[in-house]
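The first chain written gets the first letter, and so on, giving A, B, C, D, E and F; residue counts start at 1 in each chain.
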Amino acid sequence: MPVKSPSCRQTVRFDSNKEFSDELAGTVEKLLRQRARLSSFEHVSQVPKPSFRKAKELITLAQQLFFPGFFSPKPVTEVNVGYHIGQVLDSFYDLLSREVATSIRHDCRKYDYDCSDCQERGRRIAMEVVQRLPDLRDILASDVTAALEGDPAAGDHYDQIIFCYPGLFATMVQRLAHELYALEVPFLPRILTEYAHSKTGVDIHPGAQIGPKFFMDHGTGVVMGETTIIGSGVRIYQGVTLGALSIPRDAGAKLQGKKRHPTLEDGVIVYAGATILGGETVIGANSVVGGNVWLTESIPPNTKILIKTPELIVINGKKPAGKKK
Amino acid sequence: MPVKSPSCRQTVRFDSNKEFSDELAGTVEKLLRQRARLSSFEHVSQVPKPSFRKAKELITLAQQLFFPGFFSPKPVTEVNVGYHIGQVLDSFYDLLSREVATSIRHDCRKYDYDCSDCQERGRRIAMEVVQRLPDLRDILASDVTAALEGDPAAGDHYDQIIFCYPGLFATMVQRLAHELYALEVPFLPRILTEYAHSKTGVDIHPGAQIGPKFFMDHGTGVVMGETTIIGSGVRIYQGVTLGALSIPRDAGAKLQGKKRHPTLEDGVIVYAGATILGGETVIGANSVVGGNVWLTESIPPNTKILIKTPELIVINGKKPAGKKK
Amino acid sequence: MPVKSPSCRQTVRFDSNKEFSDELAGTVEKLLRQRARLSSFEHVSQVPKPSFRKAKELITLAQQLFFPGFFSPKPVTEVNVGYHIGQVLDSFYDLLSREVATSIRHDCRKYDYDCSDCQERGRRIAMEVVQRLPDLRDILASDVTAALEGDPAAGDHYDQIIFCYPGLFATMVQRLAHELYALEVPFLPRILTEYAHSKTGVDIHPGAQIGPKFFMDHGTGVVMGETTIIGSGVRIYQGVTLGALSIPRDAGAKLQGKKRHPTLEDGVIVYAGATILGGETVIGANSVVGGNVWLTESIPPNTKILIKTPELIVINGKKPAGKKK
Amino acid sequence: MPVKSPSCRQTVRFDSNKEFSDELAGTVEKLLRQRARLSSFEHVSQVPKPSFRKAKELITLAQQLFFPGFFSPKPVTEVNVGYHIGQVLDSFYDLLSREVATSIRHDCRKYDYDCSDCQERGRRIAMEVVQRLPDLRDILASDVTAALEGDPAAGDHYDQIIFCYPGLFATMVQRLAHELYALEVPFLPRILTEYAHSKTGVDIHPGAQIGPKFFMDHGTGVVMGETTIIGSGVRIYQGVTLGALSIPRDAGAKLQGKKRHPTLEDGVIVYAGATILGGETVIGANSVVGGNVWLTESIPPNTKILIKTPELIVINGKKPAGKKK
Amino acid sequence: MPVKSPSCRQTVRFDSNKEFSDELAGTVEKLLRQRARLSSFEHVSQVPKPSFRKAKELITLAQQLFFPGFFSPKPVTEVNVGYHIGQVLDSFYDLLSREVATSIRHDCRKYDYDCSDCQERGRRIAMEVVQRLPDLRDILASDVTAALEGDPAAGDHYDQIIFCYPGLFATMVQRLAHELYALEVPFLPRILTEYAHSKTGVDIHPGAQIGPKFFMDHGTGVVMGETTIIGSGVRIYQGVTLGALSIPRDAGAKLQGKKRHPTLEDGVIVYAGATILGGETVIGANSVVGGNVWLTESIPPNTKILIKTPELIVINGKKPAGKKK
Amino acid sequence: MPVKSPSCRQTVRFDSNKEFSDELAGTVEKLLRQRARLSSFEHVSQVPKPSFRKAKELITLAQQLFFPGFFSPKPVTEVNVGYHIGQVLDSFYDLLSREVATSIRHDCRKYDYDCSDCQERGRRIAMEVVQRLPDLRDILASDVTAALEGDPAAGDHYDQIIFCYPGLFATMVQRLAHELYALEVPFLPRILTEYAHSKTGVDIHPGAQIGPKFFMDHGTGVVMGETTIIGSGVRIYQGVTLGALSIPRDAGAKLQGKKRHPTLEDGVIVYAGATILGGETVIGANSVVGGNVWLTESIPPNTKILIKTPELIVINGKKPAGKKK
């Protein structure tokens, strides 16, 4: 049926050639030979690894428990709310126990530990987290209220805060991750907070301890280190760093486990772009740290500390009138 | 057929136990009892809620109308372009009218208002937005041109800007959200801009008014408040904040509705990391605000204002040669 | 069967009306008429365009080659690792050759060039990248090691770094994009780096040259320009800008192709929020640039340069005790 | 960057041509003009239509209620079974009430009836079906038991029957569809049975009345008409037709609503390929109809009726030895 | 952190063993060595192959053109029907031209033909089919009307027939496949009809010629051979075979291309289970072939031919009363 | 913002009512109470169950091994065929070993057996099947060749047979299922053949033994029982039953394990609609069984046995001319 003609051959692909095949096979060989040298950088094992997809599922289930109806794919009604909460909690428990077990087993494999009872430990830890959920829900409700009080653009829109605010999302994920961190679950807490980091630009280490009524506005660029401690009713704006004072070249080995990040007491406000560093730095209760302030030492309670606006150079025009600072 | 052996029982799961079942049921009960106290933090209702998934669909449809062919899953050709635009506009109108109606109804439910005509209002508002689209498209074309003129790395790559630049994406979404904000649609505008925030790290409130030929490079960390006003041909770099002068603890209630964020007149450039605060702060036309500058007062037109580089401490080496500033 | 009743008509939709239909059709007409004027802003053609979805696939395949087993949907074991690497490399080559060809053809179409051999060139370039992969893998392994050494929170968790750290992800994508950039592939490199930008908040131009043992912590807000050069063992924190000294209004045309961004020699550390600008600015080997430092000129090797903390204004409390800097 | 060469133009596609565009547009016009003439064959309306996808969802939900744990995507355990049943029943009710309302509204539209309360009627009818579910479940359990008793290959594999037997599936769907048929729901019952027909090759009209303990083996090719009545404990094999006696050319108008299909009393067995026709044909209790039998009249109870094997023509060999029938 | 214990090793998988690895690799080798011998049974080539998924897409697009609104995922309204038809027709043309080209190229490859212009021929053939669509739509409308007239259970439910009847679906697909068959497209027509066969149990060869007003009730088990010819207004029931008279052991080579299947003139009805064989067998106009009739020779027009019900053997009861035939 | 109006309340849903909620909860209670009585009809357990989705995956993987390149989502080329076969075989082994283990464990649970080593047995059995694959592939190749020889419509289209013929698909699945059946794997073999039954209308029990060069044309309605034995080079047409002679009411218990279905020796052809019953019925080598023949006893080799066409009743016309049989 097809008419004979000379041009069809033009579509024959180069990569059918012997030459190409050899080159590809050569690179495969190189990559396989590298394995001996780069064995720390691969995960070649039947042992499964935790995954971002599962972490995301966990977070969505937690959201459905913390804020019933907002994050469920189907309507939650007075009629089904009991069944719904039961079903979601069971799924949350089940998935969490498996992910915790996976994380522990993964860790054992890596360190060549003999371990046992991964599944059993997964279930026990998951149940401890489950029992913490009602308290976490109260704390998250206090966070929402704090956002309402702190954001002129929020109006009385509880829903908008719960549904849209990246600061609340990052806080919620960190609070959950922190429970796992406190129970010494490896790997999984960091996956949770990195998922939130990727979605919001807010990077809070699972180790950070954050009190209730926490409000973080805008959020992008916020970084909080592992040993940060934050009291109740603290408010933080975009681009704030709560970091380590200095990080030597061999920081990894030396500083692990030490308190390296600051403490913010109750009621502190830190405006955008401020940097607070050091494990012994304490911002006293109800103090205010102005935008772009750079702090490496403690300040007492009830203090307002502002950057002295750096002198400006004005070219091709007059200095802004009435400039006083 | 299966050989009898004693070990299979080992896989019986803990959670089949009566004890476990009681614990889970207990937590379910706690979560349900919390509802009385936390009723503001749930959405238990048959009334549907707006969704990020739908918001994303809306944005994709808008992209297909603003930049035909770039964001369509199938090739758009001279042959089908007419059908395509028609089909997409119809889908956009349909989806928007439903999402607007959902947002209004959601709001009514919350405030316990009696409302009517949610669907009718949804359609009317969606049609107003539809009729604005050709103008928005012209403005977005001016934004693309501004990017071409402002970015040495852009070459003459219209396509790269349209397809890749997060600044353009965030601007596009905000311009769309602003139309809905101006028509007093609740909730939905914020969902749109938060979607863009999550994707780009650029957080512009739907209320901000932005003139044509707007170019935002890199973008990550940019924050613009609700009452910001931006003229024509303005250019902004990463990490810039156009914010409120100060935010008291009870800001939510007090400041709602006031002009709290600055005004940038035509042709202003604001370099990376600059912070401009206050509702009465006006940056005069064609002025330039240098990187990291902190401004809380107005500057006249045609002014170039730079940070006086803070004195540097040089350790273990000599001060950079030729340092003059 | 249905009982007759008067109320069903209420659900008849407005948009069936003639009036509505005309309005929608009118907007379609306007959008089609705009095409003549806005032809640079559309992609109406049978020629396919590169896509973010394909770029994401490419990156996932590359991850599976660089860190075998970590990013594969199925377990990679000693039994299947050889088949797996072969299969993934073949897929990577195949997809890359098609995306490169698409990018070239897209470019030709745009400039109205006569070009040939898009597919052939796609294959040749893809093979060059394939042959570079083992070297890239070595370099990425050095990056992971650098992270381990530099981050006190990392412990000895290779896995956590490979799996979770956004800085490593952004670096990996940029290294891949840079290979394509160096081979003069249009469009695609930028799509790759913008995908990473969207996911991590780290915006590194494909043109930047980055040495081995590179570690970027937290990452959000980092911007590196096209002509940046970075040595071996450099460490960078969040919010750092390596940018151009100044960007005139008509920068796009004037500065294209010139070295506009700084050079960081081996072993440099740049702390959070620092800004280093200018194509002739060189940070000497093993120097340290402190947080928030603003640099527009070179500094010699082995220098530590810190911001002199700006004076602070303390209100309603006492100045922090022991303030020395 | 791309080298100029003459051959790229070869990929320009024919369909960009004016000629092609005109031809396609011409066919579009023809298809649109046909609408006036073919208006009965289109569904151009905002009113939604029932869908096979939703029908499939309904069936899956029903399966989860009838045979808990077999058809649920997640494990059903003693711990979650209560939540699970509640959640699934709520989803079933909700989806069914919407699909019934859709079917009624669709019907109204078609006949140009004024109807009201589509949603209200949908809910009322769905609730009636919900209340029938426990009884249906008992009947389906009797069907499974009947299969166990009737199939030598089934062993004691309840699970295999519930999970795999197409006869049970078709029966289950028909029983559900029959409830809707009895409540005079238009359209939807037929969609349900056609879904089962497509999956199993068993075509039972929703109108057929089938008693408990029904077992249909293999099933492919079974056809049962609208007015078929089947007693308790009946067993049917593949390729059986329970049909109308004769179907005149204008059957559609004449015979609608009359009893046109046979009645099978309790305990009847009908072997493969048998055909039983006519509304007045009654197969008496416990009778057996042999394979390939063609029956158009009643037979009394306790009768075994076999086809007299038609004489065979034997060529090129001897007639089967011992042939007696 | 993990407690050391002896039992974890138990989960080490057998398949990590050397032994297992060797066995798997051995089978891979065997499978690869078989290739030399079994080269006709593989499709190892860059040349793509047609697919069932694409065939299904084609059919869905065709359904949207033949019965606007019934099979579209979104509502088709008076407002968008023009855009919709245009868009769908363009997609249909585009997909069909690609699938035709793929089928031709696949064929060339197989026979080692030199061919050219696969894409060009694909487009030309697809356009011919496009231009036939309005006529096919008229014919399909006549099929729907025939179903209404012929099925007492259909009522006046055009919608039910269009949406649910497998006979109409199989007819529609065959009519489309026949157009491609007539244009000598290889492979694709058979994929289309096998898709319909799989869904409906109706197996009509793409070569069969079927007149308008065709109605096939129930359908399961219908088989019609390649050279069948069917007039106008024919009606066929389940399990009917229109086949070849006899099929010798080497039928494949001998009979290809000859008329091997019967002809049914206008207005013929064939009841369930009838078998009509032979290329010279002609059923005269308006004749009726009764259920289970076995015909290998022609019958004149206006004849009604019934099976003489084979004598029945009645055991354990009395012969049905009033048996006359 | 929303205008107050009285009509919105109309959309409040009935199902928020107390009354409705009680009714739904009541049905949930009934369904839960039924559990005590219907415990054989549920699968409430943490133990997973085999699934049709996994069975389908297994079949697709097997197809990729039997007919390389035809069923792979990506092109298989000379370059990647080795990696591809290795990867697919590993996946096949892995999935099969898990599904076998699941089937065994499921069975244990049901019978309350103590079993051990489910996983170990799964792996051992899967490896035995893997080692059988090259032989199965040879046999399937012989089936394809037989189809080519037997079907005049097949031409020399190996590809069409492999890709489209439902008879080959059903045969392939049964051959695979039979291997598992022979290794006494519970449940899974039946899931495999029922999947093929659903797709093709061909119902072959996994227990049937089928020789090479088997060709089944059209297939719909074919049924073959568990103890059927089929020689080499057998050909079967649609609607053929190879069944049990008679099936008493309590057949399930009595007949299990006995040879109940016929034997077809080498080279037998059975035409459409023929029925062959009984465990002692043997069709001698190279015999031909005509269409619709009903056989319950053996026939010797080389015999052609045809139905004596039943006398026909001719009404309203003349008897077909030249009628001889």
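Everything below uses one rule, namely that a residue touches a chain if its C-beta (ideal position, glycine included) is under 8 Å from a C-beta of that chain, and two chains touch if they have at least 3 such contacts.
Given the structure is predicted, the values throughout are model-derived calculations rather than measurements.
Q: Is it true that over half of the residue numbers where subunit E touches subunit F are used by both copies, so same, or is it different?
A: different
Q: Please identify the chain with the largest separation between its CA centroid and the CA centroid of subunit B.
A: Of all chains, F has its centre farthest from that of subunit B.
Q: Based on the averaged CA atom positions, which chain is farthest from subunit A?
A: Using the mean of the C-alpha atoms as each chain's centre, the farthest one from subunit A is E.
Q: So how far apart, in whole Å, are subunit A and subunit B when each is placed at the average of its C-alpha atoms?
A: Each chain reduced to its C-alpha mean, subunit A and subunit B end up 20 Å apart.
Q: Among the residues of subunit D, which are close enough to touch at least two other chains?
A: Within subunit D, the residues that touch at least two other chains are 13, 15-16, 20, 24, 28, 46, 75, 77-79, 82-83, 85-86, 90, 94, 186, 201, 220-221, 239, 273, 292, 307, 310, 325.
Q: Name, in rising order, each residue of subunit D that touches subunit B in their complex.
A: The contact residues of subunit D facing subunit B are 15-16, 20-21, 24, 28, 77-79, 83.
Q: Going by the contact rule at the top, pick out the subunit F residues touching subunit E in the complex.
A: Subunit F residues touching subunit E: 65-70, 75-78, 81-82, 85-86, 89-90, 93-94, 97, 120, 123, 127, 130-131, 133-134, 137-138, 140-141, 144, 148-155, 157-160, 162-166, 199-201, 218, 220-221, 238-239, 269, 272-273, 291-292, 307, 309-318, 320-323, 325.
Q: For the complex, give me every residue of subunit A touching subunit D.
A: It is residues 74-75, 77, 79-80, 82-87, 90-91, 94 of subunit A that touch subunit D.
Q: So in the complex, which bits of subunit D are touching subunit E?
A: On the subunit D side, the touching residues are 13-15, 20, 23-25, 27-28, 30-32, 34-35, 38, 40-50, 106, 110, 186-187, 190-191, 194, 197-198, 201, 203, 205, 207, 220-221, 223, 225-226, 239, 241, 243-244, 247, 249-256, 258, 260, 273, 275, 277, 284, 287, 290, 292-308, 310, 325.
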